[in-house]
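In the two complexes that follow, chain A is the common piece, with chain B as its partner first and chain C second.
Right, the complex of A and B next:
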């Protein structure tokens, strides 16, 4: 029965998608031409991907951010141990000798470079490829590099899980503030508010602010997730 | 060029599907992500390439390996 259903769905998929792949019919180019001519003037971002997902389609981006927030919240709920960052240190012989000097040296030297690249991707998302999400993920992997190279009891720094959580919540508030700012200036919600002021201030500032808030939020959320998974204890 | 890379993706994902060792299939999935990031870059979509490399090859591989460490390595 399952095999039959699989074969039927393959056939249906090829019947629906096949003509699209095989056909020589030219695609409609209205949207592409519109974005090519108006994208830079409307949003000020020369990277048109950023212009779309933070300018024309910013509402979808907010939804995407909330999906990530829900995912991190669910994982934090499932993995115990959040809030108690000062657990009893697990003896190193129990955890197995997976941390060697090579790993700690390599991750310690590599992490600042990775995090610098993350900040670059985040701040220059309006010009070069990248943006908030990508920069946040790269930033979080830099954080996890540092955490990976250290022993469990040496991993506590000024940036504990609680503070990371606080950063995440603050960046969510920053996003909501950026959503609401256009209303005070008489623009529609999520419309670039600097279009109402004039050309004295570059419009791209709005996009940079969004990139920064989203990047901080994604980076801190994924760092919390990774740190929680690293500290996770065996139940058995 | 792109045909060869697509063939590599097919081989990698087939191996990931049928391998009994979950660690091997995770590595094969990671290789598939890297190759698809390369394809995205060749098709002039560097944004998607960055995302695919960071999420597909980096984060999801780390999470899978972590889960394998906490459970059994072989697929019965």
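Right, the complex of A and C next:
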């Protein structure tokens, strides 16, 4: 019965969505051409995607980082906040059954390389494919590699959720600081403040700072989420 | 490129079907994630219709793709990850409380309380 209803609703939905998705309406080139001619001058980033999300639409990016913070807070609350009174203790032989020495070794060697790549993606987001969000995700996967391989020395691990949460909140403050800096120099909020100073300092520094702050925020947030889901029974 | 769009429509409908019909809550969350991916891919395909180079400025003038859908989908990807993580946390709570991932069983147990 549910399957029949599912198929009927699929047919109805495809009748609605089909004409929207399968259309040959020509795509407008105005926005692309505008960015092509003004993007570099306005923001200093030759990667036009970075120019949009850190220049023209930086306000969206702020909201997005706050969404990430809300999701992390909500997940921490849902998983740990209610207390673990009525959850069955997992037998110790079950935990760590999937973790072997091979995994510890491989992840331990790979993690620094992955994290270095993450920092590269963050630093060069203004002129190559990449940026804060992408670099942050790569950074978080490096952190999760370390977490996968740290089974044997879990007790004295420096990689705790509390510290990561502190990094996340600090980077949110950094983002808010970067939002407010333009006001002190007489620019509008979120406008690139270095346009007011002149050409002595490259404008792209503002974009790089934003990329770093966002990368730290996304990296620590996703690391917290991953750690939460990896060892849900543990309290660090 | 018509075939791209038809496949994307199929992917979206597949996610929708999973969301409606499957009983397992984790599978529902992943169906939601598939729908999200279909929308993201649709926007990328749309934006790439007016060019064939990544939108990174270089010396020679080539036909760039539209960077705006890419910037929008960057936001959509992050929000999609947030939604998936939060939904999985909710499923985890439900599993802790009712010890089942089946929607109907959870509903039955919740009604009996």
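In this text, the second predicted complex is superposed on the first by the 187 of 236 C-alpha atoms of A that agree within 3 Å, B and C clash if a C-alpha of one lies under 4 Å from a C-alpha of the other, contacts with A are read in each partner's own complex, and residues count from 1 in each chain.
Here, a residue touches a chain if its C-beta (ideal position, glycine included) is under 8 Å from a C-beta of that chain, and two chains touch if they have at least 3 such contacts.
Fair warning: this is a prediction, and the values are worked out from it, not measured in the lab.
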Partner chain(s) touched by A:31 [first = chain B, second = chain C, both, neither]: second
Partner chain in contact with A:21 - chain B first, chain C second, else both or neither: second
Which superposed partner A:64 touches (first chain B, second chain C, both, neither): second
Which superposed partner A:9 touches (first chain B, second chain C, both, neither): second
Touching partner for A:74 - first (chain B), second (chain C), both, neither: second
Which of chain B and chain C A:189 touches, first, second, both or neither: neither
Partner chain(s) touched by A:46 [first = chain B, second = chain C, both, neither]: second
Which of chain B and chain C A:222 touches, first, second, both or neither: both
Contacts of A:130 with chain B and chain C, given as first, second, both or neither: first
Superposition-derived comparison: chain B or chain C, residues of chain A touched: C
Set of chain A residues, in rising order, touched by both chain B and chain C: 47, 49, 129, 131, 133, 222, 229, 232
List of chain B residues in touch with chain A within their complex: 46-47, 49-51, 54-55, 58-59, 62-63, 66, 70
Complex contacts: residues of chain A adjacent to chain C: 2-3, 5-7, 9-10, 13-14, 17-18, 21-23, 26-27, 29, 31-32, 35-36, 39-40, 46-49, 51-53, 57, 60-61, 64, 67-68, 70-72, 74-75, 78-79, 82, 86-87, 127-129, 131, 133, 218, 222, 225, 228-229, 232
Contact footprint of chain B on chain A as seen in their complex: 47, 49, 121, 129-131, 133-134, 137-138, 140-141, 144, 222, 226, 229-230, 232, 234
Touching residues on chain C, where the partner in the complex is chain A: 2, 5-6, 8-9, 12-13, 16-17, 20-21, 42, 46-47, 49-51, 54-58, 64-68, 70-71, 74-75, 77-79, 81-83, 85-86, 88-90, 92-93, 96
